[in-house]
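I've put the structures underneath this note.
You will see two complexes here that share chain A, one where it goes with chain B and one where it goes with chain C.
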Partner chain A sequence: MLQLVADGLVVGSVIALGAVGLTLTYSILRFANFGQGEFMTWGAYLAVSALALVLAVTGAGVMEPLGPFSFGWQLIPAMALAAVLTAAIALAVDWALFRRLRRQGNAITLVIASFGAALALRNLVQFLYGTLPEYYTREIQIAIRLVPRDVLGGLRITPDQMLVIGLSLLLVVALHVMLARTTLGRAMRATAMNPALARVAGVDVDGVVRATWVIGAMLAAVAGVMAGVVGQVRPMLGFDLLLPLFAAAILGGIGSVWGAVLGGYIVGLAESFSVPLFGAEYRAATAFLVLIGILLLRPTGIFGERA
Partner chain B sequence: MELIPALSYLAFFLVFAGIFAVMALGLNLQWGFTGLFNVGVAGFVAVGAYASALLTGPPEPDRLGGFGLPVLVGWIGAMVASGIAAFIVGVAALRLREDYLAITTFGIAVVIQLVALNAQAITGGPFGIQSIPKPFADALGAGLAWNLTYLGLVVLVLGVAWWALDRLVASPWGRVLRAIREDELAAASLGKRAAAFRLQSFVLGCMLMGLGGALYAHFVGYIAPEDFLPVLTFQVWAMLIVGGSGRNAGAVLGAVLVWAIWSVSGGLIRGLLPAAEQARGAALQVVLIGVLIAAILVLRPRGVLGERATVSRHAAGD
Partner chain C sequence: MTPALEFSGIEGGYEPGLPILRGAGARVMPGEIVTLLGPNGAGKSTLVKAAAGLVPVWAGRVTLGGRDITGMPAHRMVHEGLGFVPQTENVFANLSVLDNLKLAAALVAKRRRRELAEMFALFPDLDRQRGLAAGRLSGGQRQMLAVARALVASPSVLMLDEPSAGLSPKLVGVVFDRLRAVRDAGVPILLVEQNVKAALALADRAVVLVEGRERLEGAAREVAADPRLKALYFGAHEEAA
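Take a look at the complex of A and B:
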């Protein structure tokens, strides 16, 4: 019981981070970006390459584990580098594709384009890195027993998993402060509400669009690395998370950061609790059930405004 | 080149192009005429293929069916099964924002893939379904004669579907679809119930995709979950966008063109790359087609054959 909750929260944290990026791009760029999952995959794989680079530059060769974690400090600069490169990819795709389609002014064309871009990005990863899974470290981590076995089935969790939960909360709080307090954050919220009015009021809408891509892609890259830390880095990593991402963003209400976080946790917990009920092989269908449920009952989501 | 193998390959190529054209016609009804964005094409194709395989196949002891029914019954069953799946999805998603349909259809395709892979008692799991009957194969054998006969069947089905769709979209019903696509509010103000028309168009389009799946199953004689991966959705979309959505001729032309590009690039990759690199080459093939879709969307949004402007014969009296 408790173990299922903990597993759900770990998966939910990864989903939450990805969904926050998705909900931002959805509300500001005004289209459902099917490429968000691929930014996670690219972030995870770029971190693999960046880690090799950092290890080569520092001459460390093998990564010494950092404290209780399975990875060394080298993964932190590698993750930062991967996030920057993923943001650059997002900006490049926007420049080459979405910017031109935005001018034509049909939102659904952007969705098709993002679907095509996602397939191209995913297969490019497969072409460059192959299909075998990669790992940041082969270090085996012993799970810590937090709750003894006789209390609600007990609870074991690895330090890596605790870090994933903590780091995603920290990033979301930082994003919230940025959106609430800074000039860029206000400009982004204004653009989400009414782009034309924001432009008239002197907001640099093109700059806001670029900032949105950068933030969304960097969050996705970090989420991808975290998924890789607690699992494996695979070409389908992002694709498999895309449906949970959409379910979480819609569940929370498009445009709501805290809604996306809550949605992420709910989808993660639902996936985790579905395993003893329906078996692990149907785990991926849970997000779809959540999605259908919310579309039938309250399509605007938990924190969404009434249409 | 020997004549018989060349003819055989040509028939093989055209059968596949024809099957894809049936699916692209279904997608054109949804996207080209109604503006519905369906990302679950592969899922609805899979439902049709499995339905027909179960209805017509020989009995199997350790899974459902094999009911041994005639192939024609299987094809009709395929359309019914895909139609029911589409109805369920459509009721949930069509009354909402247009991009929610995209997300929901994406989801149903993922779920159908999971069921195909795991529900061994119905779908045969990862091994799929073998020995799906090939119509007239008893009389004609497995050679060129059978390929040509099946090509005839596919062309016949394609022709009927094309003719029926042309009639449909030219009818008042089709006019309402385009009115909804262009301006839903205006159509609603004339008393047209947009949600009902959208649902009808969505279900009909998915029935054609299911029929395409059944045509595929009975041609190859063997289906497995990996035949219905998202890349299939992507191919059909590429066909519609390249050919030009909003015109049935565009959908059919796109199917032939993109399938030709796909076959030639696949042949080149198989010929040029060593065996160990084939998987990577296949990935590169998808990247190239993805770039093609994106480039056409940016440079020539109407495709090779775009939709013709429809002007009332009363207004055009010059």
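Take a look at the complex of A and C:
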């Protein structure tokens, strides 16, 4: 029981970060970006390249584990570099594609274009990196027993998994503080509410749009690296998480940051609990059953507001 | 004297080929309130939106204190000194009263930024509600917050689109009293209004717009007494012109 909760929270943390980026771009750019999953994949792969670069520059050759974790300190700057490069890709895609389509003001065109962009990004990553899985480290981690087996089945968790949960929460709290306390955050909330009023109030809406892409893509990149730390880096990493991302964002109430976080955890827990109950092959289906159930009770999602 | 704000020969509209403004002109001199009147569809709101950068201007000029600001992006207008309060949805409902004002203040250069305390002194009702989400304010309080949001950026001219819309007569009086105080503090105002009587009582001058063009202009008292005003409102504009 406790083990299922822990497993669900780990998966949920990755989904939550990706879903926060998705919900941000939806509320400010006003379209569902199906490319968000690919930003996760790109972030994970760019971190593989950045890690090789950091190891080469520092002359370390191989990565010595940092404390209890499976990876060394070199993964931290590699992840930061990957996040910056993923943000650059997001800005480039926006400049080349979405910016032009936004002017015509057709949300359906934007959604279909994001499908196309996702497909192109996924194929490009396969072309550049191949289809075989990559790993940041080959170190094997031993899970730590936190709760003995006779208490609700016990709980074992690796330090990497604890880091994933902790880092995800830290980033979401940082994002919340940024949105609540800074001028950029207020400008983002204002633009999400009323872009025309934001313009006449002095907000550079194009700048806010760029900032949204940067933040959403960086969160996706970190989520992708975390998924790679506790699993593998593979071309379908983001695509496989895309539907759970949407489920989390919609379940929490599209446009709500905390809704996306809660939605991410609910989807993660639903997937985790479905394994012993219905079998691993029904993980995604169970998450969507939960989504349907919650939307039937509350059509706007948990934190969603009525239009 | 250089007009604080001047429109000349403005042509524009929402859709290409469907002009709403057909050579509209108006000017606001320093220290005065000018009201822009006209029947429904005359282009009053479109003219102020065009000036604020929200509606494309196809021809003509908008000058602010003599500087040409035609076609400038809307957010740059604020930095140039043009304040605009739209008719509806004129506050950020999801932000608190304080955050609405903090955002407006943070977006302009320090030299332009007015102290929030000044705004709360001018609009004491807002002071008592500073932590409340703007969407939960009453209609009158929302209008005051919208005006305060624009004033925080020390505009050289303030444009308001029907600030009396949806307010009770008592609240209209309160809002107009505040606008008078704003004018007396040195900020000239261009006021679009449907409430002709109240607007003419408040304004120093009036411009009547019909079918996207100005048809009557003069001191507010003279326009109020001019028989052409009624004719313009009831569709006899050819004779009136």
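Note that the second predicted complex is superposed on the first by the 302 of 307 C-alpha atoms of A that agree within 3 Å, B and C clash if a C-alpha of one lies under 4 Å from a C-alpha of the other, contacts with A are read in each partner's own complex, and residues count from 1 in each chain.
In the analysis below, contacts are C-beta pairs under 8 Å (C-beta built on N, C-alpha and C of every residue); 3 or more make two chains touch, one makes a residue touch a chain.
Since we're looking at a predicted model, the values are computed, not measured.
Within the superposed three-chain model, A:G202 lies in touch with chain C and out of touch with chain B [touch as defined at top]. Of the two partner chains, chain C is the only one touched by A:A190; chain B is not.
Of the two partner chains placed by superposition, only chain B is touched by A:I112; chain C is not.
More residues of chain A are in touch with B than with the other of chain B and chain C.
In the three-chain superposition model, chain A touches chain B and chain C at no common residue.
Considering their complex, residues 52-54, 73-75, 77-79, 84, 86, 89-95, 99, 102-104, 106-108, 149, 153 of chain C touch chain A. Residue ranges on chain A touching chain B, taken from their complex, read 31-32, 34, 96-97, 100-101, 104, 107-109, 111-113, 115-117, 119-120, 123-124, 126-127, 130-131, 239, 242-243, 246-247, 250, 281-282, 284-285, 287-288, 291-292, 295-296, 299. Within the complex formed with chain C, the residues of chain A that make contact are 183, 186-187, 189-190, 192-194, 196-205.
The touching residues of chain B, counted against chain A in their complex, run 35, 37, 39, 92-93, 96-100, 102-104, 106-108, 110-111, 114, 117-118, 230-231, 234, 237-238, 241, 279-280, 283-284, 286-287, 289-291, 293-294, 297-298, 301.
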